[in-house]
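In the two complexes below, chain A is the common chain; its partner is chain B in one and chain C in the other.
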Partner chain A sequence: MNFRKRLDDSTPYLLILPVVIFLFVFAILPIAQSLRFAFYDYQLNDQRKNDLYSNPSYNLRLHDETIKYLHFYLDSEAVSVEKEETTQAIAALKEKLTSYDEEVKQLVPSPQMQPVVEVSEEVLEKIEAGKQELVKELNQLYALEDAFTLEEDIHAVAGGFDESVVQPNFTPTENFEEMLQDRRVRSTMRFTLIFTFISVFLELILGIALAMIMNQAIKGRGLIRTTSLIPWAIPTSVAAMMWGYLYDGSAGIVAHLFSSIGLLSKPTDLLLKSGSTLWAIVAADVWKTTPYMALLLLAGLQTIPDTLYESSSLDGANKWEQFRHITLPLLKPSIFVALLFRTLDAFRVFDLIYVLTGGGPGGSTESISIYAYKIMFGQTRFGYGSAIVLTMAIVVGIITFVYIKSLNVKLMGGDGS
Partner chain B sequence: MKKNTKTLFYLAIFLYLFIIIFPFIWVFLTSLKPEAEIWGAGALKPFGSKMTFEHYQSLYRGGILTGLKNSLIIATITTTYVTIIASFAAYAIARLKFRGKTLLMVLILSTSMFPQMIVVGPIYQKFVELGLTNSYYITLPYSMISLPISVFILINHFSQIPKEMEESARIDGASKLRTFFSVILPLALPGIFTAAIMTFIGVWNEFLLSLTLNPDAAWRTAPVAISFLRGQFTVYWGQVTAATVVVTIPTLLIVLLFQRQIISGITSGALKE
Partner chain C sequence: MKRWLVLILVALMVFVVSCQSQDPAPEKPAEDPAAEAPAETPEEPAEEPAEEPAEEPAGDKTEIVFAVQEDSTKALEEVVKAFNEKSEKYSVKTTIMTNDSGQMYDQLLNSLSSKSGEYDVISMDVVWAGTFASAGYLEPMDELMMNNGWTPASFNKGSMDSGKYSGKHYALPYFPDLGFLYIRKDIVSEEDVAKLQSGDYSYADLLEMAKNYKGEMDTKFGYVYQSKQYEGLTVNINEFSNNWQDVAGGLEMMKAFMDEGVVPEDITNYTEGETLTAFIGGESVFARNWPYMNGVIQAGDQVVQSDQVAFAPLPNGGSVGGWLLGINANSEKMEGAQEFVAFLAGPEGQKINAVEGSYLPGFNELLEDSDVLAANKLVSDEGFKLALQKTIARPVVADYAKVSDAIQLNTHNFLTGGAELDAAAEAINEALK
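Presenting the complex of A and B:
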C-alpha cells in the first residue's frame, strides 16, 4: 500500500523525467558548453588547440609518434649513408632519442594512458632543454659529409616535439576582442537585422490582410487554406532551390520578367547585385511564411465574437473604425506571438540563404548564422564561432525583452489552464 | 461601388493563389523539358519540344532517393519517441501538481527560442568524439527542435479534456499512472496525432543539424541532398526541378491528408493564451 502511495506521489516526476533528461543533454548542456568554448581559442584542426586547456599540457601521443618516425627515418638514413663514422653517429643519436623518450616518460607520468597530460611549467622547461640537446645532435649529424636523403623531412618530423607542448588556450577576452574588430561580424549582423525587419514587417501586413480575407464567408475558403499550408510545409532548402531556379539569370522566369518590365537592367543582376539579392531573399521568405502568419492570425480573428462587429455597425462605425477599435486590440495577443516567433525565426535564418545564395555575392547576403557556421565548420574555429553565436543569443534575449515590454503581453497566459 | 470592391477582393484572392501555386507548376513543367531547352530562349516557354523523363531517371545518381529514405527513417524514429515522451510531460504539466513546473515550462519555451546554431557546435564535437556522426543517432539531438512544439501542442489538448473523466477514475481507486494510460491517453489521441504530424514535418524539413552531423552522401537527408545538386559552377536545373517535385510530393500528401490536424497544430502550438 505504502509503495503504491509513493509511486502515486512521484508520478508527475516520473512523467517529466524523459523530457528533462533530453532537454538537459541536448539543449542545456550544449548551451553551457558553447558558453565555455567562447572563452577558449578552441580550434579542431590545430593539435595544440583542439581541446580546452586551462593549464599547460604535454601531448604524449604526438610525442610517441614523433619518436617513432624519427627512429624510422634515422634507420632509412643508416641504409643510404656510406661512411662508417656516420653510421656510428646515427646509432648514437638513436640511443639519445631513446633516453630522451625515457626522460620525458618519467617527467610526464600517464597512469591512465591519457594522450594529453597536464604538466607544470618547470617540467615543460626540462622537456624543452632535452629537446634542444637532441636538435643540436641532429644538426651535428647533418653537418657530416655523407649521402643523406631525408634531412628536410627529419627536421619537419622533429617539429612534432614543439607541437607536443600545449600552452593553455584559455583566452577569456580574446574572442570577444576579435569580434569587436571583425568587420564581417558587423556587416553580417546588420544584414541579418535588416532582413529580419523587412521580411517580418511585410509578412505581418500581408498576413493580417490575408487572415481577414480567409475569415470571410466566401466560396473556396477550404482551398485557400489548404494552399496556404503548402509553402510552410515544404523544406526551406527545397523552397530555396525552387526560387534559385526562378531567379536564375539565364533560365529563371522571374529574373526574365523583372528585367523585361524594367526592374532589373539584365536578368543576371537579380542574384549578382547585392541590393537586389536582399529583395530576392526577402521575397522568397515572404512567399514561404506569410501564409503561416496568416493562419496564426486567423485563429486569433476567429476568437473575436461577431456580435462586437454587429453592435458597432449599429452605432454607425465604418469598416476602418471597426478594424482599428475592435480587430486590432483583440488581435494583439495573436500578433504578439506571431511577431515574436517570426522575428526570432528570421533572425536565425540559415537554410534559405545558405542554399539560395550561399551568402553571396561577395558575402553581401551573409547572415550571422551563416558566418558563425563558416567560422565553425569551414575554419573549425569553435571558440570564435561560439563567441559569435553567444552574441546572437544575447540579441535574441534583447528582442524578446523588447517585444514583451513594448506590447505588454504576458508570455505564458496565467497558469496555463 | 459594392460590386467593384467584390471584384477587387476576388482578384486579390486569385493573385494570392497564383503566386503560391505558380512556382510549383513552373518547376513541374520544367522538370519535363529537355535540358537544352531550359536555358536561354527556351527558358520562358512552358513546354519543351518533347516531354522527357530523363531528369527523373537521373535522380538515382543525385542521391535524392537515398535522401528520401534517410529522411523517412529519421523522421519516423524521432516522431515516435518524441511524441511519447512529450505526451508524458505534457500531461504532468497540464494536470498534475509538482514543484518546478513553471521552471520547466520556461526552459522548454526558451529552448524553442534559442538560435539552433548555439547547440550545433558542442553537439557536433561530442558526436565526432564518440563516433556518432553519419548514423541514425542524429534522431537524439532532434529532440531539441521538436520537443518544445510537441509539448506545447499536447498541453493544450490535455487541458481541454474534461476534468470529470479523471475524477471518476480516481474515485474508482485508479492511480495517477493508470488514469493517464487508460482514461486520458485514449481521449487525447487526436491531439497526440496532431503533435506527431507537426514533429514529423519539423524533422523532415530540418537542415542545419542534418548538414553538420550526417555529412556523408549516404546519410544525407532529402533537404540536404537536394542542396548539393547546386554545383560549384553549373546547375542542372532539369535535375533540380525533378528533385524538387519528388521531395515535395510527400509533403503535399501530408498536407492534403492531415490539413485539419496541421492547422490545429499551428494554432495550438503558438497560441498559449
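Presenting the complex of A and C:
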C-alpha cells in the first residue's frame, strides 16, 4: 500500500518530466553555454582564442604550416641570393628547422592527429626556448648582406610559432572590465533606456485610453477592436520598412509634412540627423505596440464588475473619481503585467531599429541588442558579446524587481503580504 | 510567499532575455545552418537549376562544393561547365548563397567555425580574407601557385594584397573590382575631362568642377558617391583620406561636398544602388562607382548612353573591392578544391569570366588578351587603365569588422552633425592602430 501511495504522489512529477527534460535540453543548456562564454576571452579571429581553452595547448596544425612555409620561403631565398656563404647559412638553417620540428613532435605527441593538443607548461617552455634559438638564427641570416627578397614575409610567417602557443583564455573578469571602459556600451545602454522609458510611457497612456474606448458598449465595437489590432499583427520588420518609406527624406510623406510645418529644417533630417531619429523610432514603436498594451489592459478592464460603477454613481462619484478610485486600483495587476512585458520587449528592441535606421546616424540610435549582435556576429567576439548579453539580463532582472516593489502588486490573491 | 514570487519572476525574466542571445556555440554544427535555412527559402530556388547541369555528367567523379553568390551573367555556369568537362576526377557543384553579403558572411562564419567541410571552395569579399585567415579557416595558396608556375605578381595586385595575412597568401582573385570616377563627357569640357583622366587633380578641383557643371543638361547634382553608414562608407573615406594618410582632411572634404550643395541632400543615405540610379538617370555630372555601372550603361535603355560617359581615376586612387577565392582548411577533398581554384583563378577560368561576364580578369596576362579586350571595352580605356594602376587597399587585419565599424560610425556621426571633426578623426585614427 505504501508503494501505491508513493506512486500516486509522484505521478504528477512523472507527468511533467518530459517538459522538464525538454526545457533543460533546449533552454537551460544553451543558455548556460552562452553564459559560460562571458567568462572567456573567446573570439574567432585569433587561433589562440577561438575555442574555450582551460589548459595550455599547442596548435600543431599551424606549427606544421609554419614549418612548411619557412622551408618554402627559404628555398626561394636560396635561389635569389648570390653569395656562397649565404647559401650555406640557409641550408644550415633549414636543418635547424627540421630538427626543431622533430623536437616539437616528440614533445607534443598527437596520436589521433588532433590539430590542437593540450600540453604542460614545461613543454611550452621548452618549445619557446627552441623557438627563440631559431629566431636568433633567422635574424643572423638576415644580418648577412645579400639579395634577399622575402625578409618581411619570413618574419611574419615565423610569427606563426608564437600563435601556435595557446594559453588558457579563461579570464573571468576581463570582459566585464572591458565593458566598463567601452564608451559604446554606455551610449547604447543610455539610448536603450531612454527609448524604453519614453515609448513605454507613451504606450501606457495611449493604451489605457484605447482600452477604455474598446471597452465601451458602443456600436461597431467589434470593428474598433479588430482594426486597432492591425498594427500589432504586422511583422515588426515589415512595419519598420513601411515607416522607413514614410520617413524617407526624398519621397516620405511624414518627412515632407514635418518639414513643411517647420518641425524639420529639411525633410532628410528626420532619419539622418541625430536627435530627430529617436522620435521617429519612438513613434513607430508606439504605433506598433500600443494595441498590444491596450489588449492586455482591456482584459483587465473586463474583470471589473459593473456593479462597482453603479454603486459609486449612486454615491455621487463623477467619472474622474470612478476612474481614479475604481478603475485604476483594480487595473493595477493588469498594468503591472502590461508594463513588465512592454518594458522587457522595448529594452531588447532590435528588429525595428535594425531595419529602420540600422543604428544610425552615426550610431546615435544603436540599441544594446544591436551592439551585442554586431560584436557577436560581425566581429565574432563571442566572449565579449555574451558578457554584454549577461549584463542586459541582469538589468532586466533589476527592472522587474523595481516594478514589483514600486507597484506593490499582489499577483495571486491570498496572503500576498 | 511574495518573496518567492519575486524571486521566481526575476529568474524568469532573466531567462527570457537570455533566450534572446542566439547561441553561437560552434559545438553544435548541425543546428546553426539548419536554423538559418528556412530564412533563406526565397533565395533557394536559384540553387536548383544551378546544381543540375553540374550533377548529371558527374558520374563517379568526386563532388567539390563551391559557395558563391548568384551570378547575373552566364559566366559562373559556363566556367563550372568547362571545369567539369575538363577534369577527370572532380566535378563542381555550386551552392548559391544569399546576395546579401552580410548574411553570407554570417553563414560562412557559422559553417567554417564549426570546422565543417560543407564547402570546399568559398568565394569571399576582399575584406573577409583577413578575418578568415587569422582564424585558421583557410588553406594557404603559395604552394598551389608554385605548382602551377605562378607568382603573386601573376595576379591582380590589389586582390593579392587583400588576401595576404602574416606573410602568406590565403586567397586568389575571383574577380577584382575597383572604384573610379564616371564623367558625363557631354557636359564636362574636353579640357577638364583630359585633366581628370590624367589623374592629376585633387578633390578640391573635383568639387570646383562639380559646382560649375551642376545644373547643366538638367542635372540635379554635381557628384554622387556612397555615404550611408555601411561598408561602402569605409571604402569612400579610404579614398577621400588618401588611404588614411589624412583622415581629418578627408572628413572635412566630404563635409565640404555636402555643405556646397553639389551632392544630394540625403547623400548620407546613398549606397551603390542610389548612385547608379542617379547617374544613369542623368541626374549627376560625376559619380564614384564600381565597374558594374558601366555594364548597366552599356546594356542601353538608360537616359545616359555609353558614348556620353568617360572614366578617370579618383584623386587619391580607388579602393580595391571584388571577390576572392579561398579553400576551406577543413575540406576533405583538398586536391580537388585546389584543382578547381587553379582552374577558376588561372587563365582559363578568368578568361571565361571576362568574356562571358565582362568581369575584370584577375590574371594579369589576360589584360592584353584580344578576346577579353573585345568583350570588355573598359579594359582598353585609357582613363580606366590608369585607375587600375592607382588602387588602394582597405586595412587587412584580423578584426576588420571592428575597425570598419568604428570608421563608419565616426565618419557618419561627423557627417550628420553628431560629432566634431577632431573627435571623429581621432577616433578613426585610434581604430586604425
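Here is the rule we go by: the second predicted complex is superposed on the first by the 318 of 417 C-alpha atoms of A that agree within 3 Å, B and C clash if a C-alpha of one lies under 4 Å from a C-alpha of the other, contacts with A are read in each partner's own complex, and residues count from 1 in each chain.
One rule holds for everything that comes next: a residue touches a chain if its C-beta (ideal position, glycine included) is under 8 Å from a C-beta of that chain, and two chains touch if they have at least 3 such contacts.
Predicted model, so just to flag it, every value in this text is computed and none were measured.
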Which superposed partner A:Leu271 touches (first chain B, second chain C, both, neither): second
Touched partner set for A:Glu85, first chain B, second chain C, both or neither: neither
Chain B versus chain C as contact partner of A:Trp287, first or second or both or neither: first
Chain B versus chain C as contact partner of A:Ser386, first or second or both or neither: both
Touching partner for A:Leu44 - first (chain B), second (chain C), both, neither: both
Touched partner set for A:Ser34, first chain B, second chain C, both or neither: both
Chain B versus chain C as contact partner of A:Gly300, first or second or both or neither: first
Which of chain B and chain C A:Leu15 touches, first, second, both or neither: first
Which of chain B and chain C A:Ser228 touches, first, second, both or neither: first
Doubly contacted residues of chain A, that is, touched by chain B and again by chain C: 27, 30-31, 33-34, 37, 44, 250, 344, 347-348, 369, 372, 376-377, 382, 385-386, 389-390, 392-393, 396, 400, 410-412, 416-417
Partner chain A, residues of chain B touching it in the complex: 9, 12-13, 16-17, 19-21, 23-24, 26-27, 30, 38-40, 43-44, 85-86, 88-89, 91-94, 96-98, 104-109, 111, 113-125, 128, 140-141, 143-144, 147, 151, 155, 159, 175-177, 180, 201, 204-205, 207-208, 212, 222-224, 226-227, 229-230, 235, 237, 240-241, 243-244, 247-248, 251-252, 254-256, 259, 262-263, 266-267, 270-273
Residue ranges of chain A touching chain C (in the complex, touch as defined): 27, 30-31, 33-35, 37, 44-47, 50-51, 59, 61-62, 65, 68-69, 72-73, 152-157, 159-160, 163, 249-250, 266-268, 271-274, 340, 344, 347-348, 358-364, 369, 372, 374, 376-382, 385-386, 389-390, 392-394, 396-397, 399-401, 404, 410-412, 414-417
Chain C - residues contacting chain A, complex: 1-2, 5-6, 9-10, 13-27, 102, 106, 109, 113, 131, 134-136, 140, 142-143, 146, 166-168, 228-230, 264-266, 268-269, 329, 398-399, 401-402, 405, 409-419
Residues on chain A engaged by chain B in the complex (per definition of touch): 4, 7-8, 11-16, 18-20, 22-23, 25-31, 33-34, 37, 44, 210, 213, 218, 220, 223-238, 240-246, 248, 250-253, 256, 287, 291-292, 295-296, 299-300, 333-334, 337-338, 341, 344, 347-348, 350-351, 354-355, 369, 372-373, 376-377, 382, 385-386, 389-390, 392-393, 396, 400, 409-413, 416-417
